[in-house]
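Below are two complexes that have subunit A in common, paired first with subunit B and then with subunit C.
Now for the complex of A and B:
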């Protein structure tokens, strides 16, 4: 029983982190109809930033997430202004290729600059710290990352659902032309949305380095999982992303433990295929 | 002669290089209700979109209250005092009535002004007060049209452009909605109206323009247009 509870807890904590990563992708997708292929690589950039801040300047991940959150917001906004805004609107292909190109560029840049080696921060504040509840071991880095991701997700949800700016973002997603008629500068909304999408992975990536290794391929896996979560939860739905992320986190942990570690992603993709075949809109899709 | 509030001067418009408006001119004076009538596809909505900045004229000039707004982008039009209620309502379907109305006053930052306008439009359309928390797409057609007009009024416009209000409404409702337009005008907002319901539109308008395949073919006091042979034959089936 204790092992089961342990596996479930690990799965849920992973799921919370996934939810924040996926929420950024879902937001961009929902508002702009763009699959942001470089989303995972943005996460990688955030992890490298957090890693080097820790390694070179001794800044702990529990602080450096602020820097990586801000930096990735700016990177997202810059990517929109310089690349995405120039190829958006005509057809679906150009932005797809542009974000794909961006992901290749970032991945190879890091490969070239930082080598393919796995790097992990030593001696972070939370590293190796655990406590027990019943028979379950709770790792502090994972707990802090999970809870914090959830708080950020809540803040994003509040912004979108409860503020005038959030309504303007939703309005832009539903009918861009009508939104313009309300006086909403929709190009700026797009800029903001790309920035917010970046901030989500910026914060997530900043926190993750307290217990996860960074390497040039780390974004590929997380990007793919985020994509599955968004498709599973329903495009553009933030609470859908949360529900789907928790499911994926659980499935991954349970399959990894009870079947075999190598099977965890097999199980994740299987669940995804089943749900998408039965319900193509995803769990909470429009 | 009084200075026009809005003057559209020989504009040409095109979609993807295909011209659809060929040098249309019209004027709206302060306080008027002006109707643009014409068949489906004649170019009525395109003229309105050009005024609203959703499409840029390829030639010609649009002047509003002395200011050239020909190249003003869509999101800046509302700050000029022009509000466009587009054809087909275009409500934000998944947002509530209340949120739709709030977005109508998006450029207004003063909370008390927004509240005041909200009170005004809800007094004009009491049914919307009951529906405030309802998701827009669940409203009936008539309620959606009222919500779209109310949203258009939330910016406190000097000129409101209403595109095909009657679309998809029952005749009794059309009459009611047009009565409201008269009321909005009576309270001081200038109205530019586009309609396929030629008779109904010309009955409430002071002046009218008849548009055919991108050209203004006739204009004048609404009463005269109603009695003219071309209008009676082409649009009223008399």
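Now for the complex of A and C:
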């Protein structure tokens, strides 16, 4: 029983982290309807920033997530201004391929500058700290990251649902032209959405360096899983993304433990296929 | 006798193939040089992109899963040679038939999904295949399959002394795939495919069975992509899952076609003629700047192209033709 509880807890904590990574993508996807291929690479950039801040300046990830969140907000806004805003339009392919180009660019730039080696921060405040509840071991960095993710998701949910800015974002997502006619600067909303999407992965990436290694390929898998979560939850739905992320985290942990570690991602991708066969617009899609 | 639709561009096409076939006669051009390697890759990647173009360009179903079919073809040839000690020829056939079957089986449910959901489903399928092949001992697992040393020639489809054999192999593949697509384009299936792309409901109301048409396109496309995979493994003398079945390989199919011009007969060739030399030469000459520089440049070019001309090189050509037509019309004073 303890083993089962342990596996479930690990799965849920992983799921909470996935939720924060996917929330940014869900927002971009829901509002602008583009597949943002460089999302995973944004996560990698955030992790490198947090790593170098910790390694060179001794800043702990508990603090440096602020820096990586701000930096990724700016990077997202810059990417929108320079690339995305110039190729969004009728067809879905140009922005998709442009963000794929951006992901190749970022991944290989980091590969070139920082080498493909795995790097991990030593002696962070939370690293290796665990405590026991009943017979279950809880890792402090994972727990802190998980709770923090939930708080950030709550804040994002509040922003979208309850503030005037959030209403403007929702209006833009529903109908860009109509929103424009109502006096909303939709271009600025897009810029902001891209920045916010970047800030979400920036914060997630900043926190993750307290217990995960960073390398140029780290973003690829997270990015792919974020796609699955967003599509599974239904586009643009933040609570859908949270539910889907928890499901994916659980499936990954259970399949990894009870079937075989190599099958955990096979199970994750298979569960997506099964769900969309039954509900072709995701769990919470309309 | 079936009617032939000969047009001036078919004559152009014949001339191009003849010119390519005579290339090895120029001394020093093919031999065992790096230039030969680049020419072979251009022909191979143009063929791959054209096979993708059938289902994604003409029929409008954007697939990111073509590396699965490419990989099955590669493993067909690889296993015939390495596991069973045969020549690769039965492997080419078995791999291609298997790829077409797999394509029909996985596309049938996936065609119900629309837009992004279809795209994400094809990513998921690539990842599942990649991970299963990594742990499947029968196909060599993560280590992959390494070719033994075999005598040169068409029987084994390997040449170690010179690349002329591989050049003619690639040219044959290129002619076959472009020929099939040209045939489809001018016959009934091609019109059905474009009808489904432009409006599925309209096509169905006119009696086109859109599911059957899309499945046929997928099966053709997968069969031909698998043939390219078979050639690829022969050319590299080895195969492992990341080489042939990964999202990066899938994106090759997509990028070359889109940069050339999607849904256009010449698009894949134009895309391959520009991207492949660029990639190979920058990889060879920019190594002083460290690893990955070629892909940094590649990424930049994709972004620039999508900003400047999302229709690809064919888009530039069409814009130029439209301008020159306008100028001619202005001259006549119309």
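One rule holds for everything that comes next: the second predicted complex is superposed on the first by the 285 of 286 C-alpha atoms of A that agree within 3 Å, B and C clash if a C-alpha of one lies under 4 Å from a C-alpha of the other, contacts with A are read in each partner's own complex, and residues count from 1 in each chain.
Simple rule for what comes next: a contact is a pair of C-beta atoms (placed from the backbone, for glycine too) under 8 Å apart; a residue touches a chain by one contact, two chains touch by 3 or more.
What you see is a predicted model, and the numbers here were worked out from it, not measured in a lab.
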For this session: Applying the touch criterion given at the start, work out whether A:284 contacts subunit B, subunit C, both or neither, answering first, second, both or neither.
Result: neither
For this session: Once the structures are superposed on A, label A:175 by its partner contacts, choosing first (subunit B), second (subunit C), both or neither.
Result: first
Exercise. Which touches a greater number of subunit A residues, subunit B or subunit C?
Worked result: C
Problem set entry | Which superposed partner A:71 touches (first subunit B, second subunit C, both, neither) | neither
Exercise. Taking the superposition as given, does A:164 touch the first partner, subunit B, the second, subunit C, both, or neither?
Worked result: first
Exercise. Is A:224 contacted by the first partner subunit B, the second partner subunit C, both or neither?
Worked result: second
Exercise. Does subunit B (first) or subunit C (second) touch A:185, or do both, or does neither?
Worked result: first
Seminar exercise, completed: subunit A residues contacting subunit B in one complex and subunit C in the other none
For this session: Flag every residue of subunit C that touches subunit A in the complex, lowest number first.
Result: 62, 109, 112-117, 119-121, 123-125, 127-128, 131-132, 134-135, 247, 251, 254-255, 258, 262, 289-293, 295-296, 298-303, 306-307, 310
Exercise. Across the complex, what residues on subunit A touch subunit C?
Worked result: 29, 33, 35, 83, 86-87, 89, 91-95, 97-98, 100-109, 111-112, 116, 220, 224, 227-228, 231, 235, 262-263, 265-266, 269-270, 272-273, 276-277, 280-282
Problem set entry | Sites on subunit B touched by subunit A in the complex | 52-54, 73-79, 83-84, 86, 90-95, 99, 102-104, 106-107, 151, 155
Exercise. Subunit B touches which residues of subunit A in the complex?
Worked result: 164, 167-168, 170-171, 174-175, 177-186, 286
